[in-house]
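What follows is a pair of complexes built around subunit A, which joins subunit B in one and subunit C in the other.
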Partner chain A sequence: MFEFCADPKSLEGFVWWSCYLTNGKHMAFYFSFITVLSLLLFTVPLIMALGFAGALARRSQIAPVRWFGWIYTSMVRGVPDIIFFLFALIALDQGIEYLRHVALCPDWSEPIRQGNDFRVCPEAKMPLGTAPQWIHEIYGFVLAAVGFGIVFGAFAANTLYGALNAVPHAQLETGVAYGMSPRQIFRRIHLPQMWVYALPGLSNLWMILIKATPLLFLLGVEDVVYWARELGGSKTAIFDYPHGDWRLGYFLVLLVFYLLLTWVSEKAFGRLTAWVSRGQATVGGTT
Partner chain B sequence: MSCFETLQDYGLRAVGIGERLLPKTDFTLCEHVVLIGSGMIWNLYFAFFALLLGFFLAIGLATSRASTNPWLRLPAQSFIFVIRGSPLFIQFFIAYETFVLIPKLGYDLNLGFIEITVETRWLTKAWLGALIVLFLNTSAYTAQIFYGALQAIPRGDIEAADAIGMSARTKFRRIVFPSMLRLAWESYTNEAIFLFHATALVFFASFPAWRQKGDALYYANYFADKTFNPFVPYPIIAAYFIFFTLVLIVVFSTVGRRLNRHIKKT
Partner chain C sequence: MTTFLKLAGAATLAATFAATAVSAETIRMGTEGAYPPYNFINDSGEIDGFEREVGDELCKRAGLECTWVTNEWDSIIPNLVSGNYDTIIAGMSITAERDEVIDFTQEYFPPDPSAYVALSGAGMDVKGGVVAAQTATIQAAYVAESGATLVEFATPEETVAAVRSGEADAVLADFAYLKPIVDASGGELTIVDDSVSIGGGVGMGIRESDGELKAKMDAAIASMKADGTLSDLIAKWFDGRMVKF
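This part shows the complex of A and B:
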């Protein structure tokens, strides 16, 4: 990055460090922190949408919809999330390719599963075999994010379902007494009142989500864990910046990053709780 | 090969008994079920010992955290903060890298009646290293739950104990500890479920599976990689986990009922 970095072998001390920490791979490492944060921002709307869908499905009048909601929300309690991620990633990938295969190559006669192979026609490959590398990376990231969304959406659905049930019934009856339609009651009374009950669960979920982000590494995304392992591994003299096994140091940096992230989130949620509690007849709201 | 033979060959494969080589081609459903089930031995082993040992450390941590002495409170508080604030996945990596850096020496440990050699390289093996990580992790989470419960014990109960002149020891044993467990039990059950699920991470973090002796997810992933078909191994491992989670819930709620047996049912 700096001009004096042209010959790294001759450098020492502070200059060596300033060059080492700004080389191309380290820039990719710093960028991967943004990958993690963008995953968080990207999945939250998806999680909330799936959470609401799941919670409303569980409250539905139609029995099959209710059963579906129940299965969706209770699955995640019984199965480790990592299994879901690994499963959802391949299942989504193959599902999309299969649908494209059916749509794009109607005359393809060979079976899709040949022994241990999953074969679709070249036009149905996602992304196309000819696509540049960055498309592959973005696609992998989006698949991983959707996987996160599905799993954590189920957790959110549980929380929101509980919160919707926790709103005092008298509040809703008041709405009926005023002649509001069910839709109006939901939008103007039920939903705004629910947040104070949902927030403890959602903040907990957010903490779990933060701590699940390193699992991106297992899903093949080049995230912070990938780069920490890559950069920390010992480098022999053929490399520009030879050093021993520094993985412990890199992981300690990640540890500090996550500690900061959870600490900041805790503070932010404290404020948010105070804000949604205003005017509520709860212990937090009366003061 | 019949399913019974598969069971003989691979039933205990995860602990190194039976056929050395894993199946390579033409995987049958039976092989899936048997091998993944054999891997569950490791998940159960990790969950059982981490929870058992973690329970005791958690009691110590929770009481230190609630103590007025800063020399006890601050270390407990920071330990709980670091463990609860960082991902288990990162903790696995940090622990493994630390264990690798420790010199590979053996220590002779004299237990009085028997002398055994404790080797530090055991730490880099999953059975000990990963167990330590899971143990410390669950201790911190459980300590936080127990600490919350300690704060929630009705003041009147403590005052009553003081009034009848109980010693600090008796008070803890008869009043504080049982009330704490009762109040914490629901959340503790959840933590136990989380820990059990976290055992699936062991061989996916940094600890290598020595001689392909892995846990259930290790084998499920092995099958999924070979067949490129996720729709068979993952539902099987999911079914195993659901089953054992239900067993865990039953065990914990039995204990919970016993803890609350004097309370009138409404």
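This part shows the complex of A and C:
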């Protein structure tokens, strides 16, 4: 990074630290914070969309749609996250490659399953084997975002479903008495009142999501915990900056990061709760 | 008209070039990146080590273009088999058990004895105490059979940290991995027994259905053995160790 870092073994004190903390590996560590935050921002809309779809499916008048919503929320919530990430997402990845294989390589004669091996033609690889590493990383990132979206979407669906059911019936009947259509009732009365009941559950979900990012490494996305462990491990003289076991220090940095994130989230959810409670006939709304 | 034809010709030529460029094979090399001096992430955040140099040289000799990726040790075989990368070059000993799932090239590193390392002066009985080893390694299997209590860790680094913290009485790992750590510990750690012979040499793992790649890599390894470059690289990365092929 800096000119004077050319020979790290000769450095001491402050200069050593300034070089150590700005080497390529630390840059990757700092960048992983951005990866984690952008993943969170990227997945939240997906989670909310799937959550709403699931909740509305479960309330649907059409029986098959209702069953589908029920199966989605109960199955995905029931499967342990680590199993879901290891199997469902690898299956999704292989499914995409299989479809591309069928579409792009009609002349391929070899079987796709050869013993343990999963082999599609090189043109069907996702991403292509020739693609640069960053495309592989983006693909892994998107796969991770979809995975988080599906898993947490199921939890959100259940929360939203419960919140929709918690709105007092009399409120909706008043809408009918005013001559509103079912759509108007849903948009103007049901939905705005539902948030008060949904927010505590959604905020729990958000807090769990923040801490679930180490699961990303299963998909090859290097998150903050991976880099903290990698950097903190003791380094012998083969490295430019040898040091002992510094994992405690790095994990303390993570602790501060997560506490800050929690603090900011709590503030935001506090404001959000106050905002959706205004004018509601609830204890929170009348204070 | 001639200009047009020339242009068209040039375009076809360019297209042919582009097509050949794409079809030049790219091989994705999978490694762990946590096992110095075999492979590790250096301070610039790049994959470095003995296997990085060997791998790059092998690719050059086999006429392949190679990119490097890291993967957790635990899932390194499943991810090869499902096609996320094409080789495993991660200090993996050739064993009959692994050979059932994947294929190995000929060895590029001779069988390395494993060593027990413990805190100095602990007077450790390696058959009775608690021994740390990395998950899914030959050492973990060996400890489990030896009568000692096995504690497994996901990374090699954690196995040594467990000895330092007292969680385990000793660690069993490749001698070449432990030696620099013991040397750097300033007498804190000591080698209890460095003559545990388990496993074969280290080879490159390749999908069983990938016979063509295996043949290319085998030929490249043979040529590196024949002209002595492999021995030189081993001497460079493993403290001047002399190996004759």
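To be clear about the criterion, the second predicted complex is superposed on the first by the 284 of 287 C-alpha atoms of A that agree within 3 Å, B and C clash if a C-alpha of one lies under 4 Å from a C-alpha of the other, contacts with A are read in each partner's own complex, and residues count from 1 in each chain.
Everything below uses one rule, namely that contacts are C-beta pairs under 8 Å (C-beta built on N, C-alpha and C of every residue); 3 or more make two chains touch, one makes a residue touch a chain.
No experiment lies behind these values; they were computed from the predicted model shown.
Participant: Touching A:M27, do we find subunit B (first), subunit C (second), both, or neither?
Facilitator: Touch status of A:M27: second partner only.
Participant: Once chain A of both complexes is superposed, is A:R66 in touch with subunit B (first), subunit C (second), both, or neither?
Facilitator: neither
Participant: Mind working out whether A:R247 is in touch with subunit B, subunit C, both or neither, as first, second, both or neither?
Facilitator: both
Participant: Contact-wise, after the overlay, does A:I90 reach subunit B, subunit C, both or neither (first, second, both, neither)?
Facilitator: both
Participant: Between subunit B (first) and subunit C (second), which, if any, makes contact with A:F239: first, second, both or neither?
Facilitator: Second partner only.
Participant: Which of the two partners, first being subunit B and second being subunit C, lies in contact with A:H190: first, second, both, or neither?
Facilitator: Touch partners of A:H190: none, neither subunit B nor subunit C.
Participant: In the overlaid three-chain picture, which partner chain does A:T130 touch, first (subunit B) or second (subunit C), both, or neither?
Facilitator: The answer is second: A:T130 touches subunit C but not subunit B.
Participant: Classify the contacts of A:E230 with the two partner chains as first (subunit B alone), second (subunit C alone), both, or neither.
Facilitator: The second partner, subunit C, only.
Participant: Regarding the shared-chain residue A:G220, is it in contact with subunit B (first), subunit C (second), both, or neither?
Facilitator: In the superposition, A:G220 touches subunit C alone.
Participant: Overlap of the subunit B and subunit C footprints on subunit A, residue-wise?
Facilitator: 86, 90, 94, 116-118, 217-218, 229, 245, 247
Participant: Which part of subunit A faces subunit B closely enough to touch in the complex?
Facilitator: Listed in rising order, the residues are 75, 77-83, 86-87, 90-91, 94, 113, 116-118, 210-215, 217-218, 225, 228-229, 232, 245, 247-248, 251-252, 254-255, 258-259, 262-263.
Participant: In the complex formed with subunit A, which residues of subunit B make contact?
Facilitator: Against subunit A, subunit B makes touches at 25, 81-82, 84-91, 93-94, 97-98, 100-101, 193, 197-198, 200-201, 204, 217, 220-221, 224, 226-231, 234, 237-238, 241-242, 245-246.
Participant: In their shared complex, at which residues does subunit A touch subunit C?
Facilitator: Interface residues on subunit A, with respect to subunit C: 8, 23-25, 27-28, 86, 90, 93-94, 97, 110, 114-120, 125, 129-130, 132-133, 136, 217-218, 220, 229-230, 233-234, 236-242, 245, 247.
Participant: In the complex of these two chains, what residues of subunit C are touching subunit A?
Facilitator: Per the stated touch rule, the residues are 22, 24-28, 33-34, 36-37, 40-46, 65, 67, 69-72, 75, 81-84, 86, 101-102, 155, 157-158, 160-161, 164, 180-181, 183-184, 207-210.
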